[in-house]
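In the part that follows, the structures are each spelled out as structure tokens.
Across the two complexes that follow, chain A remains constant while its partner is chain B and subsequently chain C.
Moving on, here comes the complex of A and B:
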């Protein structure tokens, strides 16, 4: 308790919400005659000026293709690009920069592992274990690779409150489990899964674990080595960075054993028509010209997060989450979906007698951006027997006033929609 | 009234509203009062694809004019269908097939819909026109 308070005091000193909001010009926008209330951060965060400027400056003064030319621009671009890799390494606390592969996002990262790991290590009768709350990005690639290799996809069930039972998880780790691939933080429910324990339990049986951190990295400090994750994936655009950027951390021992998933330029050591030898990781997994400007923007995003500090961000998000949870659960007809004790600042809910699309439409008329639908987690919606939810996902730049605006606008929507 | 006369009436009605919240209130009321579809028609065959919420549409021909009934699990969608039905219901099949539904743009509905909803609206209109053509063909053939 004392410790928490101490953090609170320390963080409050540094955390100046007004100046933070000034870094995100889009937050001043009007939508349909109302000030924008952006509560769809889970889908994609907004970008601070620092990120936008880093990209602009790169294109204005440095751009050339990387890893290729002897000329100055190419050298400068390569240096900037590889510096972004080292920043990513320290951001995730990876053991070496070579363990950080740049991808276009979480989706590509998971497809890469499913293919490169799957084709090497999966066969008839082997098992891949995922959970019932996975994003389609962590379901479909595994289904595809299972179909090709004859492996089976097993599912850890989701409890009513949106958590995973470690007992049920343990019972699904078998002799034939070759990899566990689970979401660190659920995009639909906000649940923070007990991934440290899950990794330990898998490792006791020699099973590697991939964590889908798309919704974790925007909210909490990730230390891939403390977690002992074998693979950790995330998307830049959900953590203040540009679209089209993603990080794949992989332990070097695995990266060495895996074959590339795409072929082309940049990933080779030597090509002849008879045989090609590949460059060492990370390059063997990065075929083609990468999203150079994107990763330079992503570096600025990581530096921005480090400057604000996860403690301070989390403090603000927790405040809003607590306020919004109390406020929304007090509104008649509102049912929260996902009430795990350990959550990030995501609230999914349904309204008795109103379709989530209708609720979202009326909220949008009042300037409030929320996500409605299945959130790319259709099996999870089936689990709760609902067509979808309304999801408000808060970032550290949101305010209590915005949470209150969500609540009053929701009350208005309900009075219109529910007779 | 002809299709265009009804469209002009609707445009007139919508011009009386102050803001879009009022227009939505009206659309929701229309949705709530949409006559019920025969439950037998709420099946896969009557489901319109391209809508994010579920929409069922049934058309019947009577003396060369088409009668529509419909339903949806989302009330705003129902309200929009109610508007479409008000314009197209009991009109001659060929008129429906060739109708230019300018009221959608003129009342500002299209720009106030999310892209998914706008796609859904386009799918609904298309299906109503298809139904009209198909049902018209049937009478002529028989």
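Moving on, here comes the complex of A and C:
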């Protein structure tokens, strides 16, 4: 297939921005008469042709249900699906493929752990420790399980610059803390938390740690074993993959001890009306027909990232982050929210006298897509006493020119709104 | 850009009726969980009319202006008539039905046509509409 070969050739050049952008046809579209400037990658990334093609080819030539047929298609689909699991294993550097559970996303993965771990290990008076910069997906499931088990939810406070103080963290690790669940990279602030150290400190007290890596995996190589994370969760759609895919890495020792999350087909060993025994991990946690095509697409996304390389991606993102940070903080009336020294390419800001939604709408008029609002981190907004921010989140396929367009359009918006 | 019609920009700064009135007979809260915009409406009902209407809260230019223009219309208005006006406004902004409408409403319909902005043009109006519906 000439088309595929052409893609392969293009991808061999290490970091050629033009050819990378050509892999993302959506970047060529117009929005309201202007070329699209897509700066909402934190909400969801765009998808390269390689991912779209992998899904299409799967549906055109291979699809059948997995793990349940003796026919050829079913076997091929199962092989492809399980190969995607092994690719995910090496992508996260998990010890075994059985430690990688396929979920519908970060949200489902956290709910799974909160329920399966929480119902087994949480009781009256126990404590769950999260941070003040969590996404609602890493707050609400724990609140729900605390309400059911009588455990308490404790919060590591966030400093003014958007960092976590390790001293305050240390003082919140108690003999009743049963699990720490924190965001690796903040979706609102861009802060990269010192998770390696946080895990070591928790482990000194025998406390397991879950990392919400939804915003980390799009930007940096994750090695769950080097981190020594007990659980690591992420979403495929933020890292070039399809929606409805997510990864949950869990150490086998925990997965064995945890109860299943949902019941149904695929997760069983033997079912009678009296008693059901469960399949071993990962299948114990994967009830029902999974998102087969989705994980085949996600595999293509991981391969795409591996081919470009995180180092090259990060270099481009850093360049843009630095440019945009300088440019935006020089605009009168703009205040950046989240100025941690260790950050990914996310810039949140507010504009004196202008509401984020109004700024967002005016930017959209110039073809610029940004996120506005509380970014599913309402407690964090309360912490800064603001109702929301405008957030520009850059991917490696963005350009300095796009960052400049953001700045000039923002200046125009301010002159319109703040007269 | 027609979203930011001069009328909207003017009304977002209009604070003729701005302020809290905790002692008011009626207090409604209009809240949009998507963006966090939140307005309080305070009013008394006397002889079937709206009296001493105030609003407070925080929101974008469109939600603030749409609340200010609602409150202006509420003051001294008969409940029955107001209830019909509110229903008419919502119909006009949301489904684009024309008819005899005050020209002041036109910028709000335009605002409602921008992605994700319909709720800004109708937030407080919906809250009052619910109040009337519950009363019946």
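As a working rule, the second predicted complex is superposed on the first by the 406 of 419 C-alpha atoms of A that agree within 3 Å, B and C clash if a C-alpha of one lies under 4 Å from a C-alpha of the other, contacts with A are read in each partner's own complex, and residues count from 1 in each chain.
The criterion applied here is as follows: a residue touches a chain if its C-beta (ideal position, glycine included) is under 8 Å from a C-beta of that chain, and two chains touch if they have at least 3 such contacts.
Because the structure is predicted, anything quoted here is derived from the model rather than measured.
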For this session: Give one of first, second, both or neither to describe whether A:417 is in contact with chain B, with chain C, with both, or with none.
Result: both
Exercise. Touching A:387 in the superposition: chain B (first), chain C (second), both, neither?
Worked result: both
Exercise. Should A:33 be classified as contacting the first partner (chain B), the second (chain C), both, or neither?
Worked result: first
For this session: Pick one for A:365: touches chain B only (first), chain C only (second), both, or neither.
Result: both
Exercise. Thinking of the overlay built on chain A, is A:378 touched by chain B (first), by chain C (second), by both, or by neither?
Worked result: second
For this session: Check the residue A:355 against both partner chains and state whether it touches chain B (first), chain C (second), both, or neither.
Result: both
For this session: State whether A:245 touches chain B only (first), chain C only (second), both chains, or neither.
Result: neither
For this session: Kindly classify A:131 by the partners it touches after superposition: chain B alone (first), chain C alone (second), both, or neither?
Result: neither
Seminar exercise, completed: chain A residues contacting chain B in one complex and chain C in the other 354-355, 357-358, 361-362, 364-365, 373, 387, 416-417, 419
Exercise. What part of chain B is in contact with chain A in the complex they form?
Worked result: 19-21, 24-25, 28, 32, 52-53, 73-77, 112-114, 116-117
Problem set entry | Residues of chain A that touch chain C when the two form their complex | 354-358, 361-362, 364-365, 372-374, 378, 381, 387-388, 416-417, 419
Seminar exercise, completed: chain B partner, complex, touching residues on chain A are 32-33, 354-355, 357-358, 360-362, 364-366, 373, 387, 412, 416-417, 419
Seminar exercise, completed: The answer for chain C against chain A in the complex is residues 1, 3-4, 9, 34-37, 58-62, 114-117, 120
